[in-house]
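I've put the structures underneath this note.
Below, chain A partners chain B and then partners chain C, in two separate complexes.
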Partner chain A sequence: MLRSLNINPDKCTGCLQCEMACSFENEGVFNPAKSRIKIFTFHEEGRFVPYTCTQCDEAWCLHACPVEAIKMNRETGAMEVLDSVCVGCKVCTIACPFGTVNYNQTTGKVIKCDLCGGDPQCAAACPTEAITYVDADATGLEKMRAWASKTDNQAHAN
Partner chain B sequence: MTYVIVGAGPAGVVAAETICKLDPDGQVVMVGDEPDPPYSRMAIPYLLINNIDEQGTYLRKDAEHFGKAIRHVHGFASSVDAEAKTLHLADGRKIDYEALLVATGSKPILPPVPGIDGERVTTCWTLEDARKITATLKPGASVVLIGAGFIGCIILEALVSSGANLAVVEMGDRMVPRMLNETSGELLKKWCQEKGVNVMTSAQVESIEHHPDKAVVKISGDRHVDAELVISAAGVRANADFLEGAAVELKNGAVAVDRHMCSSVPGIYAAGDAACGLDFSTGDYSVQAVQPTAVEHGRIAAANMVKHGSVLHQGCINMNVLDTIGLISVSYGQWQGVEGGDRTSLLDRDRFRYINLQFDEDTLIGANTLGVTQHIGILRGLIQGQFKLGKWKQRLMQNPMLIMEAYLAATQGA
Partner chain C sequence: MSWTRKILRVNLAEGSVSEEPLNMEWADQYIGQRGLATRYFVEETNPKCDPLGSDNKLIFATGPLTGTMASTGGRYSVITKSPLTGAIACSNSGGFIGAELKSAGWDMVICEGRSPSPVMLHIVDDRAELLPADDIWGKSVWDADKIIHQKLNDPQIRIAAIGRSAEAGCLYAAVINDLHRAAGRSGVGTVMASKNLKAMAVRGTLGVGNVRDPKQFMQVTAEQKQVLAENAVTGQGLPAMGTQVLMNVINEIGALPTNNMREVQFEDANKISAEAMAEPRESDGKPNLTTNAACFGCTIACGRISTIDQAHFTVENKPEYWGNSGGLEYEAAWALGADTGVGDLDALTYANFVCNEDGFDPISFGATVAAAMELFEEGVISTEQTDGMELRFGSAEALAWCAEKVATGEGFGTDLGLGSKRLCEKYGRPELSMTVKGQEFPAYDPRGVQGMGLTYATSNRGACHLRSYTVASEVLGIPEKTDPLSVDGKAGLVKAFQDATAAVDSTGLCVFTTFAWSLDNIAPQVDAACEGGWTAEKLLEAGERIWNLERDYNMRAGLTGADDNLPKRLLKDAAKTGPAEGKVAGLDKMLPEYYQLRGWTADGQLTDETRSKFGLPA
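And now, the complex of A and B:
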């Protein structure tokens, strides 16, 4: 059974532990600016919203890549960037309608959430269970899917 | 069912693969005139600076990929007999089809100036061009680039990083006039000039004189520049000549297609740079000539070739991303705005950062940015989702950088 990140903004306190854990796991530094998960703060509403890639079925990033540098990991279901193949053209960053692929100017490659290979550190670090790693069916992916169907240009013909 | 695809670029390859998935029993023949395995033109700039080798440009890395379900035939399609449903190749071979896809892309047009056909002038369009350029491109080599459009600017990056002494001649009044507005186009020019590139806008190449050791490029306003290499990137035209006898309707020089990617002749479809397809933003038909559009076209055309009417194209959003010596620019949809629509922008001239958002009532319809890389795709999400932004429109009008927040508010009621 595939698992995915379940995000519950109501439980988020904005502590940024997830961003720290993500950047440490993936970039070797404690620097929220290098995190693949991001907490958005809504001052007026007093709300914090953690946000990252949902590994969507449409995989816009994967299809947009001109050189096959984004592949699906069959075990985790995550779309992974192959650094050795990525040329840094950034087409995936503009093609992903969720804004979850970012260009890293230091490496000249793109970065995105890869579920840490099946042990997402953001979920492990979250003290309030605002981010959990659970069975894919149980997550709030439905909203994303609803959105995706609205923009569905792709050939899902059977 | 026999499917024949002309052109082995991204549109052709994605269409071929999609057909194989949807109709595993179908025969798929892909005809391409380039000698190399299918590759991505987009990757050429990275080849020029040695970031990748030629293999790094290949669309599919598995050498066995073509030749299994997809038959890859090397040859040049010279004409189509739409009555008999036969494709003729230049070498005399004939291939019968039931559904035909025109995925022949486009080719560069050379500006009509004296000397343009000389030895030192090349385009930067194919792997073969890339080989020619790499042979001449040495640190300190003087290079003249004709055209600072999207393709010109992509090459510009590679030319500068390989240490060339570069002069750029652009006819328009700013850089990338079809992707950036005055503010961002001007700022990009300033950026290039600060990096030592000689950028001439509202300028025209008048002639190219060829001497044994160099070419002399004469430019309007009594200017001239010596060059070891002249690269022409002055626009493209769809490869549609071979359709002449088939009465296929053209628009803007490319194959006019409907929302099933079908041409005016039943059974003949088109995709990618060779197709004049639906634009999501304008509702008009146009040639976008970008990679994401080629791929989307390829998939939709394929589905309709397998089962006509199965997928209706919603239109592609025109989108571009450009990295010019480290300054990243992006454009989406109707960045020029529409009549009666509101616009907002934020400019930090010193840091070369800019964002321009365009609205129709309270939905986002287009944007340009300079120096913005984080979460940039959300602009596509906002535009394509056609979200009514409500109070977030006002917030964006005040601070256009709040695009992620506006998106979360629209989709999650944050």
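And now, the complex of A and C:
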């Protein structure tokens, strides 16, 4: 079963545990500046929103890459960057409509979410379940459950 | 090692910066942050220095766990000599700039001298420079933050700054970081202003990557996050209600200081409580509280993000205050509310926004307004001093007016900026000042929580709840329940809390974790990150060493045992209502025992024996 990262901004507190988990898994340091997932704070609105790659099926980054350095991992569905092939041309960063592929000036390659090979550390580290890793065909399940609970057929009975 | 082992020294007089290695021998004795910065401060400054003179120094210090994945590991402290108390000042803040500084590769920034003109410190990883700040001098923290982000063209930069109150000389001005987190107490912002240092802007992209045993660290920090999640206070109470969970609780036990501590219960406590913040309001159906929020790395997330009712008189014509910002924490809600008798939640939230916007401590501010209200009601001051404003207990208009005046230092704002002690002295009624060592009380009346009387009297930075939060034991039963109305055993309780807290404040972690964690939970996290064989015993010993070092500094600065005192009101006037009715603060019964447990003389001085036991400078 394919799984997807599912993001619920309502539950996010902006603690950045996910950014640290991501950078630690991928770079070996606690470093939000090198995280593949980012938390955005909308101060005036009082909202925190986690944002990262959603692993498009017809991925713009994959199609744009001139050296075929981005491949789909069949097991996880993640679009992965092959560091040995990537030439750091950054065309994928232009092609991606969502901005979730970014250049890493330390390595000269691009970085993006690869779902940590099927065990995404951001979801594991999130203390509030704002980021979960769920059945790719049912990312709407919890939202449906929340709305379902509001359709109270008994409300008008008495 | 989770220290970066690097100090940034900033010479403001010369406009130069330099790098030096961290003294690792001291790090082994004083951990980091509060303890280690105090060790540097004691070494480098004259305890008799004028707090606002050029020879005072200002240190921004992170701890070894700052910037790591340990829960709450984002703290930093500002250490200096306080202009409010003349004692050591050490104010701790969360938000994000502490971790950013660490991620830029610095354990500490030591600022010395005084710049001839306004400057800001700009740090990007290992590069640091002083930039002219004439264009942001005279701006609020919020405006300065906006301008700096634009000027440096970097939305990800983290900023700490002082506001107009500090520039105007308010003695309890704070350093505000990330718009609404504060190194709030003792006037650390006033010192920053005296150095002509308007702001520090930091971007760190190096990360913290040098933990001693990464695998062990990830495992033990994950386990300890689980402990926080499963604890009723850190897992439920604080995220849902914030520190404001305390308002009704403390009122019920008769320890909510009201009307400048004339009373111990506030009839409108429920109107300014966490419960009230969650109530939808009439005008727009939205509650005051929008959401909770976390500081860097914090899995508790007690922060409040709030709005003010747009129809409220304080903001009806000021759309710039209609958005969300940092909402009321318990101490601020108490000082701005109960202590002034104001039961108007929106007025309190407005005053709190203004405190953040222009950088001053809401505890000291609220308590000073309370003193001014008593002076007014006693007829000592009149509308002549206050430009016609009636400073009466319970007046939301007066509270909002006072906040605006202190923000800019205009008119009566200059008097209010003196703090309660100097204000009451100026008008010839020093007994009306509810302070210790010149610093205003926080939100627990020692008549109803006896341990807090000793806490306030002996705190190294003047009246403060965060130096030994015995409320945890006396009210909440953490780690075990003691009787809040009894003085028995409180000397030992206060000492134990003081030492443990000094250690926690030196690690980079937040003291709020200690509702769930003891040093036994913290030591394995420090040990996995740092060389040195960190056990709970070693942390506690370091904590006691830090406490004694701070005390020793204060004695050299000219304080004496006589300063370990409480205002007469708390010692002579019994609580009039509630469970503590008839009680006064029993300080005289606790203090001698406390000195004895500390190994100090009967008049509160350190002995050479104590100094040598902890390896303190002679």
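The rule is short, and it goes like this: the second predicted complex is superposed on the first by the 139 of 158 C-alpha atoms of A that agree within 3 Å, B and C clash if a C-alpha of one lies under 4 Å from a C-alpha of the other, contacts with A are read in each partner's own complex, and residues count from 1 in each chain.
We adopt the following convention: a contact is a pair of C-beta atoms (placed from the backbone, for glycine too) under 8 Å apart; a residue touches a chain by one contact, two chains touch by 3 or more.
These figures come from a predicted structure and were not determined experimentally.
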item: In the superposition, chain B vs chain C on chain A residues touched; value: B
item: Partner chain in contact with A:89 - chain B first, chain C second, else both or neither; value: first
item: Contacts of A:127 with chain B and chain C, given as first, second, both or neither; value: second
item: Which of chain B and chain C A:47 touches, first, second, both or neither; value: both
item: Touching partner for A:30 - first (chain B), second (chain C), both, neither; value: second
item: Touched partner set for A:17, first chain B, second chain C, both or neither; value: second
item: Set of chain A residues, in rising order, touched by both chain B and chain C; value: 45, 47
item: Chain C-touching residues of chain A, taken from the complex the two chains share; value: 13-17, 20-21, 23-24, 27-34, 43-48, 125, 127-128
item: Touch list for chain C against partner chain A, complex; value: 67-69, 71, 96, 99, 103, 156, 179, 204-209, 214, 218, 225, 229, 239, 290-299, 301, 303, 305-307, 323-325
item: Touch list for chain B against partner chain A, complex; value: 10, 14, 18, 22, 40, 42-43, 46, 51-52, 56-61, 291-292, 295-296, 299-300, 302-303, 306-307, 310-311, 313-316, 319-321, 323, 326, 328, 330, 332, 373-381, 384-385, 403-405, 407-409, 411-412, 414
item: Chain B contact footprint on chain A (complex, rising order); value: 9, 38, 40, 42, 45, 47, 49, 51, 60, 63-64, 66-68, 85, 87-91, 93-103, 105, 108, 143, 147, 150-158
